[in-house]
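Take a look at the structures below.
Note that chain A is present in both complexes that follow, paired respectively with chain B and with chain C.
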Partner chain A sequence: MSSNKVLVIGGGPAGLEAARSAAELGGEVILLEKRERLGGTPDRESYAKLTHHWRDASEAMAELATAATNNPNVEVKYQTEVKGMSGRAGNFTVDIEAGGAAESLNVGSIIIATGFQHFDPGRATQYYNYYTFPDVITLTDLEKMLKEHNVVRPSNGEAPKKIAFIQCVGSRDRQIGNEYCSKVCCGIASKQAIELRQQLPDSKVMIFYIDMRMYGYWENEIYWPAQEKYKVNYIKGVISEVLPKGNQLLIRGEDTTMSRPMEVTMDMVVLSVGMEPSAGTRAIAQTLGIQQNKYGFIEAGGDGGLDPVATSVPGVFVAGAAAGPADLDDSISRAGLAAARAVASVRKVMA
Partner chain B sequence: MTVKYEKAKAIEKEHIIMDGVDVSGHWNRMFEQRTIFEYTPELIEKIADIPDAESFANCYQCAKCVAVCPVDVVGNYGPRKLYRYAQTGLDLTEASELWLCTTCANCLRVCPKEVNMVKIMPAAREQAILDGKFVPAELQQAFENTAKSGNPLGQPQRKRDAWIKESGVEVPIMKDLGRKVNVLWYVGSYPSYHPRGIDAASAAARIFTALGIDFAVLGKEEKDDADSQRLAGEKGLFEMMAEHNIETFNKYEWDELVVTGPHELNAFKNVYPKYGFERPVVHYTTFLARHLDQLKPLLKHPVNKKITYHDPCYLGRHNGEYEAPRQLLEAIPGVELVEMARNRQNGYCCGGGGGGMWMDSFTAKHTTMRLSEKRAMEAASTGADVLAVACPFEVSRFEDAVKSTGNEHVGVLDILELLDKSMRGE
Partner chain C sequence: MPTTQENWNPGKAENRHPEVTYEEKERLFLEVKNDLRYEEFLYGCYECGICVSACPSARFYDFSPRVIAQAMAREDVERVYDILTEDIWNCAQCFSCVRCPRQNNPGGLVTILREVSIKNGLQESKDALQGYSRVIYKVMLKGNQVSPDMLQPDFFPDWGPWVKNFSENMHVWRKAIPMDSIRGLTDVAWRTDRKTLLELYTIWFESGNMDIIKELDEGLYDLLVEVMEEELEEG
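After this line comes the complex of A and B, so read on.
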């Protein structure tokens, strides 16, 4: 028996947009979410401001969630996990466990929107000491502090006067296995640097980088104001050691434009951790039998590389950062395409 | 495996006696600190906080400026480097680097972030002067001369029109003329006083006369435009001079102001308007190119020379005039015009702008050769017999430079002098 239903797995920005778009195109949507609430990583990790118009992350996620849940063609199932799948495009049987109860769904197409997770800085080959020194934090940790307007050194509760961002932690690294650029960290670090200078005007904020890889308009919307208006200092040459020095941190690296070694003390060091496939993305690929790329993200692109939502299984599509590093623009754009393709796929089978 | 260590640069005082003991040379050798122990964003902010110097903070280190910086060609300089020096501990307001920029604007031409040294330098220098920081003594002297005598050469005001008698033609002076003229000719300080400047002024007087231009000069009432003093940081002095000049200009009736020098053009056209003076101003090359039809029949005698033309920064990049000087040179029979590799928008600075005119000894300590020498060598390498110029700063600078670089065979002449030669024969 073929089904006209579209199953969306994951209630983050990509899943919410995919659900809304598919429903608006006339599809009947079931949206599965592992947690008890929608909003995905921006919600779970307490993001403060988004790079998009500096919007409050909770408010923006709530807006995406409402747009999906207000549509009568979207049914949301919380605290749900996918346990198995059989069938083929137009007629999939998906076994789920919702709130402890097993259930079987008959759907025509599937959109995977299971997202990413932040790189675990403990895995970095450099000597950053994230798990040793309380004042070595990640972008995610700082994001929480910024949201609460309470940026302090975890070691002593005082406001940091000198803060260093270290770029490309867990990205662009063959040894770690993440050879790709995580796309967003340069922009996010710059955004947070601006917020730091707004919240702590007396602080000195420096970003140590290999290349600043801004993302289209982020160049002029984030990077340039950070430097020009907020006097964030960008220093080419990435740090490869963070050592203790008194009650401060000593960062060591090479200042490449000066060709000089640097050993500078900091009150706080922020690791610009990149993106990796989330545990959910890895698990769903196994459960559904979908091909992953060498980094664990869902392999997308189709035969010619021009189909960014196609997976290795016909009728199963991918949206958002489950397919690789992406910002909100990318995630949402890809979600819209996945929705269109999923609905079209169902109609083809039904016709 | 051999490991190559980069040695730190030695700092060594040539002559020093401490407590009666001679510790000259290697006895006092110190080594420059190599490791960076501190970054100093506050020193970038210090400059960027000065009004007009805001764009200092914009640099994202692409380094496009460095390759086209004329000072870097003969030394180690450029806006990108200044930003980094500030970021690593240099207070630009008390550094020798503050005084090396000639405000030639070639960096600004290529800068994607519009870091504007033409605005940053005068602002930062003014701050240094106000804070009593180091100012090169020779520059200080030029400031004092301007304040005292009305010109940076320190020549007496009463002799400002003494050059006229050398021209062999009658040059009307506004005060005596008592009527409106078409052209008020602002002669400028160097054409009024410097022997080689006087040659150009005399040539101009003869050309204007031959063309039948209704012109007059200010004579003893003329004072220096002070634009270069402004760019060197003396805004107060500039304002004082501007006030005097504007008052003098407004005293008389005239249609158009013609200037001998590009710095004067920049002053009257681009800066004096901020002080209420908004009248038509042109450089003599633009003015004469407009009279080319009348001028051509007067150029009877061939000047059989290979000539290369040096674009003055303040005529070219700052004010967009590249073609008029070339049209004038090409109108002279016998002239073969050849271009230097760096020309027009990418013209190489002679080192005289932004106060550089009065800091040659100071600049020489920080460069491997003078900018004018580099340019003289470029001119010589074209095989030209003559280096033609259109800025009164340049004749003396380049005449020294062709000599010091062993290129005496290259003559240095103002376009006015070349036109005059062709007009009168020799």
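After this line comes the complex of A and C, so read on.
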């Protein structure tokens, strides 16, 4: 039996936007979320502010969630996981487990929006010693501190005076296997650097990088202000190791533009961890029999590469960072396209 | 002090002036940074190197406008002191570097650095400018930079025998020039209007240039002041 229903898997920014857009296009939407609340990674990881409009992350996620849940054509199922799928475009049977109870859904098309997870710095090939020194933290750890306006060194509870960001941790690294650029870390590190200088005006902040990748308006909205107004120092050269020195951290690298080796002490080191496919993204690809790329993200693009939401299975689409590193603009844009394709796909079958 | 495992610090490998205290280097650095022009001369640096690619001096000397901009931006006090005592005198002040996409002006930074170097009487600035006393004298007193009588064989041996011939017969050559403002003059390249000269003298005093000269070369300063003040009083 054909179905006109659109199933959206994942209640983060991409899933919420896909659900809302599909509903507004006249689709009947079922939105599945594994947790008991919507908002995805920005919510779960307590993001403070978002690039590039500096919006409060909780507020923005609540806005996306409300837009989806307020639509009468969107039904949300919490604490739900997908267990299996059969059928084809226009007539999929999806087995789910909602709150412990098994259920079968008949839907016409599916949008995967299962997102990403932050790289685990324990896997880094450099000697950053994340699990050894408490003052080595990640972007995600710092984001929480910034949100609470309580940026302190975990080792002693004091405000750090010298803070270094190390870029490309877990990205652009053949040895790790993540050859891709995670796309957002340059902007997020720079955004956090600005917030650090706002919250701790006496601090010195340095960003050690390979290339700064500040797309479009991130340049004038984040990068230039960070450098010019907030005097954040950008130093080209990646740190090879973080070592203890007294009660500080010694970082070692090359200052490539000054052409000399460099060792400086820091109070806190922030690892700019990149994006990897979430456990949910890896699992859903297996469950639905969707092709993944060599990094585990959902393979997208269609035959000609011009359909960034098409997956290897007709009628199944992908949105957000499940398809690869993406910022919020990317995720939401792709979600809109996935919604349009999903609704169109259902209409084609029904007609 | 010999380098040992204890005092070896590659972060400070550029510290080539251990005889000057860090506090003194920092004071000079802050004098540069607090200059009114500084904010408009240095925004942020991409490290793109367009200033270096456009810089004539960079082709001939160990000189990089990019390094100067970055050392300032990073507040690298030690490195800035090195630059202050050495690099700045390799700049031709041609300002080819101002094509910077961030609108930085490394040449302008060099201008500030030079002024700070001279005002503070750094020996390196005296050494660098020693050969220019005659030019300074000429510019400040006569209003033009090079005059025919400066073309002497001992100063321009690389010009060959022609200079000797010219210097011996300078008056004859100059008399042959058919322009009133130049004809017959040897101690200036062209005649400067007296009103213009008095205005120039006033500018030198008011702009602080005379103070700079005093710090650089007191003998030259006395010589200039004597003439200038007399002229200004008469004028």
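Following the convention adopted for this analysis, the second predicted complex is superposed on the first by the 351 of 351 C-alpha atoms of A that agree within 3 Å, B and C clash if a C-alpha of one lies under 4 Å from a C-alpha of the other, contacts with A are read in each partner's own complex, and residues count from 1 in each chain.
The rule is short, and it goes like this: a contact is a pair of C-beta atoms (placed from the backbone, for glycine too) under 8 Å apart; a residue touches a chain by one contact, two chains touch by 3 or more.
Owing to the predicted nature of the structure, the values given are computational and were not obtained by experimental measurement.
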Partners on chain A (chain B, chain C) - clash or fit: clash
Partner chain in contact with A:Glu179 - chain B first, chain C second, else both or neither: neither
When both partners are placed on the shared chain, which of chain B and chain C touches more of chain A: B
First (chain B), second (chain C), both or neither touched by A:Glu63: neither
Partner chain(s) touched by A:Asn233 [first = chain B, second = chain C, both, neither]: both
Partner chain(s) touched by A:Met258 [first = chain B, second = chain C, both, neither]: both
Colliding region between chain C and chain B, picked from 63-71, 171-179 or 297-305 after the shared-chain fit: 63-71
On chain A, positions contacted by chain B and by chain C: 224, 227-228, 233-236, 257-258, 260-264
Contact set on chain B toward chain A in their complex: 6, 34-39, 41-42, 44-45, 48, 54-55, 57-58, 60-61, 84, 87-88, 113
Touching residues on chain A, where the partner in the complex is chain B: 204-206, 212, 223-224, 227-228, 231, 233-236, 255, 257-264
Contacting residues of chain A [partner chain C, same complex]: 224, 227-228, 233-236, 257-258, 260-264
Chain A contact footprint on chain C (complex, rising order): 9-11, 13-14, 43-45, 47, 66-67, 70-71, 73-74, 79, 102
